[in-house]
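Please read the structure below before turning to the comments.
Going by the order they are written in, the chains are A, B, C and D; count residues from 1 in each one.
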Amino acid sequence: MANLTLVQAINLALIQEMELDDRVVLLGEDIGRNGGVFRVTEGLWQRFGAERVVDTPLAESGIIGTSIGLAMGGMRPVPEIQFEGFLGPAYDQLCSHAARFRTRTRGRFPMPITVRVPVGGGIHAPELHSDSPESIYVHTPGIKVVMPASPYDAKGLLISAIRDPDPVIFFEPKRIYRAFREDVPEDEYTVPIGKARVVTEGDDLTIVSWGAPVVDCMNAIEAGGRSAELIDLRTLYPFDMETIAASVRRTGRVVIVHEAPRTCGLGAEIATRIMEECFLSLEAPIQRVTGFDTIMPYYKLELDYLPGADRVGRAIEEVLAY
Amino acid sequence: MANLTLVQAINLALIQEMELDDRVVLLGEDIGRNGGVFRVTEGLWQRFGAERVVDTPLAESGIIGTSIGLAMGGMRPVPEIQFEGFLGPAYDQLCSHAARFRTRTRGRFPMPITVRVPVGGGIHAPELHSDSPESIYVHTPGIKVVMPASPYDAKGLLISAIRDPDPVIFFEPKRIYRAFREDVPEDEYTVPIGKARVVTEGDDLTIVSWGAPVVDCMNAIEAGGRSAELIDLRTLYPFDMETIAASVRRTGRVVIVHEAPRTCGLGAEIATRIMEECFLSLEAPIQRVTGFDTIMPYYKLELDYLPGADRVGRAIEEVLAY
Amino acid sequence: MPVEPVYRAEISRVSILDEHGRFDGALGADLIPDADVVALYEHMLLCRTLDEIAFKLQRSGRMGTYPQNMGQEAASLGAAYALDRRDWMVTCYRENAGLFWHGVPPELILLHWMGDERGNHIPADVQATPISIPIGTQMLHAAGLAWAEKLRKTGAIACTFFGDGATSEGDFHEAANFAANLDLPVIFVCQNNGWAISVPSRIQSSAPTFAQRGLAYGMESIQVDGNDLFAVVYVMRDAIRRAREQSRPTFIEAVTYRLRDHTTADDARRYRDAEELAAWEKRDPLVRLRGWLESRRLWSPDQEAAAKERSQSEVNAIVARAEGIAAPAAGDFFNHMYAELPDELRRQRDTMRTSSLGQDPSECSREPSPPPSPAHAH
Amino acid sequence: MPVEPVYRAEISRVSILDEHGRFDGALGADLIPDADVVALYEHMLLCRTLDEIAFKLQRSGRMGTYPQNMGQEAASLGAAYALDRRDWMVTCYRENAGLFWHGVPPELILLHWMGDERGNHIPADVQATPISIPIGTQMLHAAGLAWAEKLRKTGAIACTFFGDGATSEGDFHEAANFAANLDLPVIFVCQNNGWAISVPSRIQSSAPTFAQRGLAYGMESIQVDGNDLFAVVYVMRDAIRRAREQSRPTFIEAVTYRLRDHTTADDARRYRDAEELAAWEKRDPLVRLRGWLESRRLWSPDQEAAAKERSQSEVNAIVARAEGIAAPAAGDFFNHMYAELPDELRRQRDTMRTSSLGQDPSECSREPSPPPSPAHAH
């Protein structure tokens, strides 16, 4: 058991999977000698060599496109996209190709690719370094989407993702890369894809969130003193409706919290599913606390944009007051 | 007044806007001498010359990226992307650049670009020629998204889009390009962006749809004989919540119909907004009749995938029976 | 020196059997055994017959849109002939001749154009990827495949095919750049057929050659008469050696021509001159190869007639196999979405006919339909 | 002929004032009037001072991540000097020297790095686009701008700047290809500074030069010593002529070096050799130009001291202006999303602090904050 940050937990998972399975190769920009701009791959180039930890040309479509070929050729590529904003140039290879190869070839070419991507705002970064595009990929059939909110989950989910026979986007909430530490077993373990985590149990309302805002929700609950059941979704597609529905049937009130823009965000899907499956249990409209339908602002205003503990706290009171 | 197909209505709108405003230039693949693979730009190259109707290299990112530069340089580019599946390679220029230029430059560089894109299934086309990616762009701040379902609206909305100072994706439902004719005024007119159209009035339930499925909804209503209020959204962002809410407050029951995959589709957003704004009026869970969370299948099964009049009809009965 | 040359390059063009029947013995002798030339010619005949019948199937409503390959048979076939079975062919949609030679069952290709994904289920022992519809996207897959083979030290390489239009896509550039800078054993074959649907190739490149695209990457680059089977085999052998022995890529521009419409949905008369077409009909790779065979008394009118008949009946059998595959079950598109169907997708599948909310059981098939198990092509 | 050359090309490298102070009179004489050389040198000094102060602002928490320009001043400045005011500069983030010369107020650039979009509100009479963070994306905008100017027959052209790393992106390829095939008056200037963060330029291109990237498009292409202001002006003049008179693009590789970390978030010692750095410090464009000026008695130690002092106080004033701009109002990011704020966005803005559903009125500012109206740079 070691007390690790989220970055360290991911680094450990990568080392252990690379030791275990020599089909696992890492590729991306600056991940080699430099150990990645967030130091997530620190030491791996030195340990596994330049053949398995590869600094590629600066081309995201190339990174994902060659990962597809690597996967077809029997490897298990783990590409890194340096910031979520640079998924853009790779969109086509990811959504029109990686996501479709298994189904368009009726299983002949599965795509065991794990795309690691730092995500989200709050670190005073320049433009296109602070977005939350997860809903785009949740809407895209054929991809699994994972976002841990703690070091323990990060390690276990990343190991699951690398072993998963399908393409997984593994979003790493950069705001909490080093925000806190947690005990993380040294041995390998998996956290299953598709299962949510109940962070705190409670009776008055259900809060659903994922990634860095989970921490804001915890703070809001602590500050507000309400009995809230906080669900950390962990896997965004396919997401764990069972855990959500069981909780909502008990509490009847829901707040959903995410950083992404509101319209067509995953919050809308969850709200709709709750309405579909728990219609008669709902005692108040579901509240969404989200980013706005705006471009994520430059950093002077980023805290205005992010759903902080304050806004979550107000939503909790609103939904309870209804 | 002429009796026109949707293709003809669009062609007419392009001619008239090009006559009126010489800043309007068209660019794309095969739009010139060939008049476009769907013949939407038929005759324009001959009429306006190769300077204003430009066959570009085969590169979608290039088409959108140079459109951005054209817009900055004072033109009003109307790029065509040949099929919605080929928005993929242009995703980054569209969503990270065209969508952001106005706001990131605080208004210095507006982006009066209208991206024309045939969309949707049902024409026995090969892969990536039958998708419905509109929700992706609805979720992307800074873009407007329009999809007409009739020749009259097609002309009026396209004229509005070209005149709009912001980037508009103008989706053309290819399944109904030539499916029916409608009287279309020969003069120029606009249909406002952001306003829905009430296709049929009714009291028992509200149906919200857009694009080609609007026709399926009309057929389902005719077959089922229920008093349904059918709303053709026409603009998908910013969409006309006022019209929807007014109807739902009266009917209490809702069916939403779209071709795109269900999870995180625009249907989810509309359902959530209805729940937020009409919570106490809702007498039954909102029903979604949509594409599935799968890759749009090759054409042998495409009718299984599309929400046809049958599925809409069953949803109507279900929501009324609740 | 204030202005100093720092780089020089030259692009050559290779031709062995030209359109006038002239054959260069220095390069061409012993390049392909006579018996193989005969087999290759017969294969081209088969492919052309299939191409014509596919066109008719489309016109009579038995197949969707289909892109005829006519006139371009030599380029992909010469490449496939030079490759090993262990090497990858990563193509778009005008490489029937090469794909069939490499072992892809022709009925699969027909099945694909009949709107059935099972046409993409390449048999496990054939090293080919399915037809690629989105232009310019498959070259990156080839680069990745070559990379995987290199990492796994199998000695296999990848050869990817694409059109002149495809070289305008950014993904082409990224693929070539990855291959050159990471030393990947991949061969890029551009079939420059003069057109990308209605857009002439000069809009894709205003340079004198497409081959010089490769110079950007410091890649060995060459132009070849793509309607000359011998010349294609010649440049491919060179490229294969470079890939296998030095793990270095090559860019090959195969100059050819599309003798038919872009696809059955196109009408090339709208944009193409009759004279241009007529000139290229004289350069037809089949006609040329037949002339060579006849001049060497390796082929006779009788053999031609017999081979045509064989092709016809073989293609009829292929069509019968393709049409004999039962339509996929309703909702089959849910299967193979993931290795394991997620609960929500299972619910959508099981209720796709009965309910929009999904509380009800389904009448739909639950099990994936098996891929067809086709007989091999050669 | 079976193997026949069909294309030949050569890339030259231009150098006028080399790192040893040798000056080529044939090309260099009368290239730039002496008084302008002095002004350009002083401008470089100012930029370097700003660069150092920006670094300190970041370290003391008064600015976000900042990419130092040090060592690369000559390339963008030489280009800007050769361009007209009516021409567009479309840059990434290591072109401060050129941008300021072209008229972009330096405080705007600082404001940008201070996390404020108003730093991108380039004054209406300055033909420049804002700093581009996403690598490789701006070249297409330059191609489009050049296209617009061509259509509008203004005679203006566009000049775009990007790094060695940026040439690996597909968008670079598409931009160059559009420019070449549609005859657009645009100049591509690649600042090859040896590195893309920690990745050496040979991973971006294993070819002998980056200049040969342009050959792919049949584009006039040239390499230049990017630390040699004279040589940059020389090749730019040639490229500008080609753009303005023939509407043809040019590719220029300016060989230079990043003398500092990639950005303030980077530590180049992790991946870069001290010797490499030391060698390039000797090629510093400022040092070189100062040597030239001194050898011609156009500059003295006293002038140097005075100029440094002036730079310092000018930069202090710039910083004061940047820091003097009040923070944007809460919720300002709603404004400018569209020409007119849609209802739903208005609702989100007006209730951003008070309600997640949006039924309540807001305490937030409703009006867009005006762009700062900065004093001009020169």
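Just so it is clear, a contact is a pair of C-beta atoms (placed from the backbone, for glycine too) under 8 Å apart; a residue touches a chain by one contact, two chains touch by 3 or more.
Computed from a predicted structure; not experimentally measured.
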| item | value |
| --- | --- |
| Option in B-C, A-C or A-D whose residue-number contact pairs overlap B-D by over half | A-C |
| Farthest-lying chain, centroid of Cα atoms versus that of subunit B | D |
| Rounded Å distance between subunit C and subunit D, as computed from the means of their C-alpha atoms | 43 |
| Subunit A-subunit B separation of Cα centroids, rounded to whole Å | 31 |
| Whole-Å gap between the CA centroids of subunit B and subunit C | 35 |
| Centroid spacing, where centroids are CA-atom means, of subunit A and subunit C in whole angstrom | 39 |
| Two or more partner chains touched - positions in subunit A | 56-57, 59, 61-62, 85, 88-89, 92, 96, 103-104, 127-128, 141-142, 237, 263, 276, 285, 288, 292-295 |
| Subunit C residues counted as touching two or more neighbouring chains | 117, 134, 168-171, 174, 177, 181-182, 203-204, 333, 337, 344-345, 357 |
| Touching residues (chain side subunit D, partner subunit C) in the complex | 1-16, 24, 26-28, 168-174, 177, 180-183, 202-209, 211-218, 223, 231 |
| Contact set on subunit A toward subunit D in their complex | 29-30, 32-35, 37, 55-62, 85-86, 88-89, 124-129, 255, 262-263, 285, 287-289, 292-295, 297-302, 304-305, 311, 314-315, 318 |
| For the subunit B and subunit A complex, residues of the former touching the latter | 85, 88-89, 91-92, 95-96, 99-100, 103-104, 127-128, 135-136, 138-142, 237, 260-261, 263-269, 271-272, 275-276, 279, 284-286, 288, 292-295 |
| Complex interface listing, subunit C residues touching subunit B | 64-65, 112-117, 133-136, 165-166, 168-171, 196-199, 203-204, 265-266, 270-271, 327-328, 330-334, 337, 344-345, 348-349, 352-357 |
| Residue ranges of subunit B in contact with subunit D within the complex | 25, 51, 54, 56-57, 59, 61-62, 65-75, 77, 89, 92-93, 96-97, 102-110, 141-142, 144, 164-166, 194, 237-238, 241-242, 276 |
